[in-house]
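Here come two complexes built around chain A, the first alongside chain B, the second alongside chain C.
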Partner chain A sequence: MHTLRVYRRNLGAHLRATLEYQADFWILVVAAVLTQGAGLVLIATIFARVPRIHGWGVWEVVLIFAMMVLAQGTSELLAEGTWGLAGLINRGELDRMLLRPYPCLLQVCASRVGMNAFGNVTVGGGLLVTALLHLDVAWTPARIGLALVLLPSALVIKVSLTVVANSTSFWLRGAINTFAAGMDQLGELTKYPLSIYGVGLQAVLATALPFAFIGFFPVSVFLDHGRLAWIGLLTPAVAVYCVLLAVTVFRRGLRRYESAGN
Partner chain B sequence: MRPYRAMARLAWRNALAYRVPFLMSLSMLVFNLAAMFALWQALLSDGNSLAGFTWPQMKAYLLVSFVTNCLVSTFTDFAMASRIRSGAVAVDLVKPVDYQKGRFAEALGFALLETTAALVVCTVVLVAFGGVPWPSPGQLALFAASLLAVVPLKFLIVYMCGLLCFWTQNYLGISLARTAISGILSGATVPLVFFPPWLRHVAEVLPFQAITNTPAMLFLGRSPGLSAVSALAVQILWVVGLWWLARRLWHVAVRRLTVHGG
Partner chain C sequence: MAPLIEATGLVKEFRRPRRDSGLTGALKHLVTRRFDIHRAVDGIDLRVGEGESVAYAGPNGAGKSTTVKLLTGILVPTAGEVRVAGVVPHRDRIANAKNVGVVFGQRTQLWWDLPVGDTFELLRDMYRIPAADYRRSLGRLTEVLEIGPLLPVLARKLSLGQRMRADLAAALLHQPHILYLDEPTIGLDLDVKDRVRTFLRQLVADGTTILLTTHDIGDIEEVCGRIVVIDEGRIRHDGPVEVLRDALASASSVRFQLSASAPLDLIRERLGDAEVTAPGERELVVRFDRTTRTAGAVAATVMGLVEVRDLRINDEGIADLIRRIHRPDEVTARSGAA
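Moving on to the complex of A and B:
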């Protein structure tokens, strides 16, 4: 409990600091809206001409897209600091964090707040609600329960995968971790129905780097879409696996850390 | 001319020295290409055509769009932005070379590497996914000319966005916004013919469409005879106009510069 409170206060401090620069804040909100807008333009223009892609209609695809954007926003809010991990290692600044009586991973996560987070959470949340309204979902208690399990699990998966991607900095040792950015971009592939990709790529995105469990599989099971919809029920299990993976990889990496020597 | 040649050479060597970030940022564009390939293949592979695009034509379009995305993408803007923010730009100011030409020389140095990398990727894709319709030699010459014009055009847009750092500290937001706007209006996200008429008209009067739409249409032979030449002329006019505009912007911007000691 104490741990969580410190984490929240740490984030809060960065949040206030970030909000001091109002022009920067609005620039990034606009940038986030435009970036996601470009993705929507693609979806809208395609569905203006075809009714379905591999059996997926426009609002179903928007729902997947919304989950991805919301998850991205969440990870920018809760774990943006991990993007600075490469720099912390490179300059030996992790020393300071190791001296404090508080989990190093959480300190790293809370060492920054992504300003895109506000734009992405708003856009993602708005799209999620809009898509659900258009989809005519029967809100039985079971389905509400399912949604309440799937949504947080999906968000946890995204945050954990961000930590995993950036923890590779312990091995790569550059000042900027471009590998993590590349992995993140690979995850972007799951904004579209997974079946459009080759079997190999599908397998990677569903198992080794389970980005497909952020949007595609949870939405599949929620809408009961297709033969493989049941895979979506594994989302909470994948979330647990991803958290364990993130903690393990970070710990392993930390053991390799040897400061900067000055 | 000599100092500029040296700057271009230095930029090229610099890019070679930092291969890993370069290759990673290239890989991000490659992942995006993979997603677009899968998406359009799902829509077009069974002999359909959308807005006059068959699958081989769309392949060609996506590859041209990939090449234009690669050009002037990685180095120029963030390097320039960080020099303005840190005040290191003061050193550039005392050098007896023109600032704009100097940055352009660097962009050319990078572009050489970017072109090489893009061509390698295109070759691999062509081998893996089969051919595209090749234009006649005359069209091909026009296409090559317009691809050459993309380098200064894209440079000028990036350069002017970089100059905005004289007003704001937050280059990330500007860069993201520029990428999104340019992605939509250049035709890199979706070919312009897919847009509703009003959006297409907006795109057609702006310089962005000359980045992707013009070379792609020339490659596909969509603008026959005289209109091909006029498309190229419009592109070159944009280069000349923006070169002048960027100079004006520089003169205004540089007056705002305050460098604290050193």
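Moving on to the complex of A and C:
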């Protein structure tokens, strides 16, 4: 509990500093709207020609998309600092974090707040609500319970995968981690129904790099969509797995840390 | 009583990728993964008792910072053992962090993009400093280090001197009984240097154990009771600071950076018994006896003969100085060769 409280305060301090000294909240929201708008235009264009893609209707796809944007915003809010990890390692700046009586990974995560975090959380949340309103969901207690488990699990998966991607910096040793950026781009593919991709890619996105558990699978089971909808029930388990993976990879990497000469 | 800081046979090796130049070299490295091993710390035995103030001196690249990183648990030793207040730092980082404070002169410990006051509050939370203790500690540090006005300022906006004072406060908020300082006065103005030294002396008087790395003889003389000299990863000298002080009282030196190469013979002629050497092409070091001439007179003489770009008084390498005390012949031979 103490650990979480300190994390929140650490993040809060950076958030305040970001807002106070650097950025205007509304400009950031507009920026996110424009960026994510491009993806929405693509979806709209496709559905202007065909009513369904692989059995998916427009608002169902928007729901997947919304989950991805919300997850991205969450990761930019909670773990943006990991994108600076390669630089921190390269410049020997983990030294100062290792000198404090607090977990190094959490210090890294909280060391920055993503500029697009607020925009993406707002846009993602807005799209999520809009899609749900159009989808005419029967809100039984079971379905509400399901949503309450799926949503946090999906967000945790995204944050953990961001940590995993960037923890490779301990091995790659460059000043920026292009591998992590590439992995993130790959994850972006799951903004659209998984079934439009080849079997190999589907397998990768469902297992080795389980990005499909952020949007596609949880939405499938929530809407009870398709034969494989049940896979979405694994989302919480995948979340636990991703957290353990993130912590393990980071710890292993940290053992390789050698500071830096001046 | 067991020493507070105890290192035995401490070794740290760094692996440096060995790369032949060009693309083939880079590819070859990917395949073969060859490394050069560099021993930065080479079998150090060090014991520091409670309340001691130890200067850890030596030339650039001697292994001073690496030793501090081993003692603080940032680095894992290649061989040997460390124990600080009964804790093995790299194994139990968090327990160790609560016992010690660390200041790196070249690199701030503050959150770069936060106001100083926010950093202090975060540290209070991380170290779980009780509210009353925090208030007392912060009050005292703000007063002696005069950092009150700095609290609302972003760390990256601070001048070097301000930053150093804020860094000292950050390292001491949790009232550690051991303080490591890695070149705490590097680049500071004289008056800030003085303030920092006075503050450190006060800490020592209050019983804090200090280990301080430095190039600066002033730091050693004014703060420390004991000096350990390290070169090429090994301890070369360990003894009380008085010995050094005595040597300084009689010998002195000026180091000049010149715009052109020096007319050595002419300078030697004018300066009589002083020892004149040229360690680099446009560099000149004059060592002289303080009882027969002053640094000012030496500087004036040299400036009359050659254009001087920069000069520094008494910045003879500490390791050289110590060697001169112990083995006068060896250094004379070395500078003769230079």
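Just so it is clear, the second predicted complex is superposed on the first by the 254 of 262 C-alpha atoms of A that agree within 3 Å, B and C clash if a C-alpha of one lies under 4 Å from a C-alpha of the other, contacts with A are read in each partner's own complex, and residues count from 1 in each chain.
Everything below uses one rule, namely that contacts are C-beta pairs under 8 Å (C-beta built on N, C-alpha and C of every residue); 3 or more make two chains touch, one makes a residue touch a chain.
Nothing here was measured: the structure is a model prediction, and the numbers come from that model.
Superposition of the two structures on chain A leaves chain B and chain C fitting side by side, clash-free. For the superposed model, the angle subtended at the Cα centre of chain A by chain B and chain C works out to 90 degrees in steps of 10.
The larger set of touched chain A residues comes from B, when the choice is between chain B and chain C.
Of the two partner chains placed by the overlay, neither chain B nor chain C lies in contact with A:Tyr241. Of the two partner chains placed by superposition, only chain B is touched by A:Ile46; chain C is not. Within the superposed three-chain model, A:Leu99 lies in touch with chain C and out of touch with chain B [touch as defined at top]. In the superposed pair of complexes, A:Glu188 makes contact with chain B only, with no contact to chain C. By the touch criterion stated above, A:Asp24 is placed in contact with chain B alone, chain C being left untouched. Taking all C-alpha atoms of chain B against all those of chain C in the superposed arrangement, the shortest distance found is 9 Å. In the superposition on chain A, the residues of chain A touched by chain B in one structure and by chain C in the other are 21.
Considering their complex, residues 20-21, 24-25, 27-28, 31-32, 34-35, 38-39, 41-43, 50-51, 168-170, 172-174, 176-177, 179-181, 183-184, 189-190, 194-196 of chain B touch chain A. Across the interface of their complex, chain B is touched by residues 21, 23-24, 27-28, 30-32, 34-35, 37-38, 41-42, 45-46, 48-50, 53-54, 115-116, 174, 176, 178-179, 181-182, 185-186, 188-189, 191-192, 195-198, 201 of chain A.
Touching chain C in their complex are the following residues of chain A: 2, 5-6, 9-10, 13-14, 16-17, 21, 92-93, 95-96, 98-102, 111, 255, 258-259, 261-262.
Those residues of chain C whose C-beta lies close enough to touch chain A in the complex are 14, 65, 69, 72-76, 93-95, 97-98, 102, 104, 106-109, 111, 113-115, 118, 121-123, 125-128, 154.
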